[in-house]
Amino acid sequence: MKLTHLDENNTPTMVDVSNKDNTTRVAVASGVIEVTREAYEAVVTNSAKKGPVLQTAVIAAISGAKQTSNLIPMCHPLMLTSVKIEVEEIPEIPAFKLYAKAKLVGKTGVEMEALTAVSVGLLTIYDMLKAIDKGMVIKNIQLEQKSGGKSGDFNR
Amino acid sequence: MKLTHLDENNTPTMVDVSNKDNTTRVAVASGVIEVTREAYEAVVTNSAKKGPVLQTAVIAAISGAKQTSNLIPMCHPLMLTSVKIEVEEIPEIPAFKLYAKAKLVGKTGVEMEALTAVSVGLLTIYDMLKAIDKGMVIKNIQLEQKSGGKSGDFNR
Amino acid sequence: MKLTHLDENNTPTMVDVSNKDNTTRVAVASGVIEVTREAYEAVVTNSAKKGPVLQTAVIAAISGAKQTSNLIPMCHPLMLTSVKIEVEEIPEIPAFKLYAKAKLVGKTGVEMEALTAVSVGLLTIYDMLKAIDKGMVIKNIQLEQKSGGKSGDFNR
Amino acid sequence: MKLTHLDENNTPTMVDVSNKDNTTRVAVASGVIEVTREAYEAVVTNSAKKGPVLQTAVIAAISGAKQTSNLIPMCHPLMLTSVKIEVEEIPEIPAFKLYAKAKLVGKTGVEMEALTAVSVGLLTIYDMLKAIDKGMVIKNIQLEQKSGGKSGDFNR
Amino acid sequence: MKLTHLDENNTPTMVDVSNKDNTTRVAVASGVIEVTREAYEAVVTNSAKKGPVLQTAVIAAISGAKQTSNLIPMCHPLMLTSVKIEVEEIPEIPAFKLYAKAKLVGKTGVEMEALTAVSVGLLTIYDMLKAIDKGMVIKNIQLEQKSGGKSGDFNR
Amino acid sequence: MKLTHLDENNTPTMVDVSNKDNTTRVAVASGVIEVTREAYEAVVTNSAKKGPVLQTAVIAAISGAKQTSNLIPMCHPLMLTSVKIEVEEIPEIPAFKLYAKAKLVGKTGVEMEALTAVSVGLLTIYDMLKAIDKGMVIKNIQLEQKSGGKSGDFNR
């Protein structure tokens, strides 16, 4: 099985996408952070008023998506045309689930941008809550769907 | 319960650590990426020779730790004195588990640096393997231990 | 009158602060953005609910402060120990006034960090409102006060 | 009045420009820094010889334009095709006025890039002169004109 | 002889490429680092096993190529479609020679990206070996070839 | 011979400097770019007036020094206390020689910062002149001297 990010010498390489078509590519990723009841309440109570914890996470997630090619060594620099974030409150765990949808008209997919946005958003929630709870766990960062490009669509 | 990253107006703020002591602070975090058997074999077979997938992840994790304050809005810029990464191969799942240990002599802890290193390292493994398997799941990014600073030690 | 950022050949230089003391240094800067009545109402009405425009500006301002030494060529890289932002609503103009207070225990002042935070925060408000009003004007970005360091305190 | 940078949940979002045309877009912005007579003379006298203060500002402004999407959270990453800076000396105030013209062939406008270039350029002048004068004031950062794109041209 | 990066006022400027064609542009650069016998053996012996020194250099070179427009003030931000690195071992000097090939479909050439990749890769080898040998010399960073664009091809 | 940047598993690592002393550390590096007579004259003639080519190189070199830990994977983030650049004109080759002196009060040396400054400065000269001459060669990037720290001084 070929690892496309390794060249014929097994050296990491930025895959050549020069000849790929400029098409609209979309990727949706998600991930969860499980928190204590106390931390959860601190967020949603606050959220009822101004929502600064989750808003900080949303903004960090969008900014993080734009840093993908600086963070992931073999990722191409891309001109994202859209990043949209949603945070779902899951009181019964309790947890927060963060979705990121990234879009591009270009030569390569945006899965890594969506996954990076989710990761940075969840890390930001961790940071905002860590004075209350250091035991929080980030879980299930995964691609939900992907469309556009020759490798075909993906739906979990 | 006070969220330290919000000020008296519920506005996000970079906590004032001016008066904290410069002490040695250490944090260890970990996380897992579950992959298909085929992807796992592609890495470890290759690893037997040159290990480029996991080495790229290690390097990205260290570089990622240094980007923490650019990614997480309320994080202080820090002068990390050490970042050390280990990757454990878990053939029975199959999965890779990545550990990051961050160190600092300074005024605030390095949990976020360790967690960011883990996240970026795991995202890099995803990126290197995504041509084989888009269904990989990143799991259980968590703080393992923390020492130094007034808030006390943490051991999971 | 000596320009400290030029050396003996009139070449720009990063001033040598190696021998300066590590003291607590504080700087407060402010700036204003004047907007149309319609744009003002869009923010504060929204603000009553969730405040996303001004919160985005606050977060951008804090992140911007951390980018100062990447933006201003002769600025030293610094380890800010605190950045605090406040936004004042001025309905009678209408306008928003943004204050940034930056703090450091180190060898050089943080005026540029406070001024950069203000600039980036105001630019972010412009960006968030420019679909309504492209004629907004950013005004009076200035140092309000400064303390710490050998050059003495400053109060406007 | 719709704020395009907020989605249906009032969450900040990077506007979807995927379906916009790739057209040539131009924006010109300007801003002023008022300085003391003494600081003004230090620059222009020096300028007569080598101009390092204003040249540093020009270079910082161009570099700053390229950082726009890293600084302003909802800005799209863009491939600027041109950035041109001019500095006008205004001895009668005394002040310096900085103009930035940004250009792009792409899907969204470059107002923020022009405004960011102006802001960073003026902050750099402040930094270069602050040993002489900490009371300098940055004023009237504003869009002068804009063309290209569906929202129509703007001329102040 | 016209310096294209200076405008009519001799001010540095980012050349306007708005009207240039989007064509495939390729550049290859190379450079050498001469090391002591002892340092050379430490790398290649190690390389026989896992190659971490040269692999770190390869990854840094690719990441460095993506930072070109942040490092070189007048460079346009570009969307590289490929970066490929090769390291040649030259036991008889002893030295390592690093080649970088950069590719783009766009409006301007990628010489600077290839040259920056080479520089960062060689600096990384220096960093990895400097505990053994501080006298290493980086030599002959140069463009090997270039194609695409109106200014014609270049072959050394 | 131990490569300090590889740990016991031959994995790249950011060396632990937590226990090192905070001392004043200085490094001087240099490098040369050989150019055609025509390119040389374009710079120095211009230099007689305003010097924008070499000034751009100086500013890029200082900014580049501050990016060292983002470019070189195993480098520690550092708070440089001084960066000073000099450019020597060598008409008889013709060439330009760039010197960078970096300083820090901290736990690890600044060789890489000085070498990175030199590299970025020379790449910037290349960029500014490449419309005239693509055959320029960057040569002899090397450490000139180093002091401070336990590993002893270095003088070439």
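Note that the chains are named A, B, C, D, E and F in the order they appear, and that numbering of residues resets to 1 at the start of each chain.
Operating definition for what follows: a contact is a pair of C-beta atoms (placed from the backbone, for glycine too) under 8 Å apart; a residue touches a chain by one contact, two chains touch by 3 or more.
Computed from a predicted structure; not experimentally measured.
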> What chain lies farthest away from chain A once each centre is taken as the mean of the Cα atoms?
Replying inline: F
> Same or different for chain C and chain F, where same means more than half of the interface numbers show up on both copies?
Replying inline: different
>> Counting only Cα atoms for the centres, state how far chain C is from chain E in Å.
In response: 36
> How far is the middle of chain D from the middle of chain E, if each middle is the mean of its Cα atoms, in Å?
Replying inline: 31
> Centre to centre, by mean C-alpha position, how many angstrom separate chain E and chain F?
Replying inline: 15
>> Averaging over Cα atoms per chain, report the distance between chain D and chain F in Å.
In response: 30
> Among the residues of chain D, which are close enough to touch at least two other chains?
Replying inline: 11-12, 50, 52, 55-56, 59-60, 63, 67, 70, 73-74, 77-79
> Which pairs of chains touch each other?
Replying inline: A-B, A-C, A-D, A-E, B-C, B-E, B-F, C-D, C-F, D-E, D-F, E-F
> Okay, in this complex, where on chain B does chain C touch?
Replying inline: 7, 9, 11-18, 69-70, 73-74, 76-79, 106-107
> Which residues, counting only chain C, touch chain A once they are in their complex?
Replying inline: 50-52, 55-56, 59-60, 63
>> If we count contacts the way the header does, which residues on chain A are in touch with chain D in the complex?
In response: 24, 55, 58-59, 62-63, 66-67, 77-87, 103-105
> Mind pulling up the chain F residues that touch chain E in the complex?
Replying inline: 1-6, 10-12, 31, 38-39, 41-42, 46, 49-50, 52-53, 56, 59-60, 63-64, 67, 70-75, 111-112, 115-116, 119-120, 122-124, 126-132, 134-143, 146, 151, 154, 156
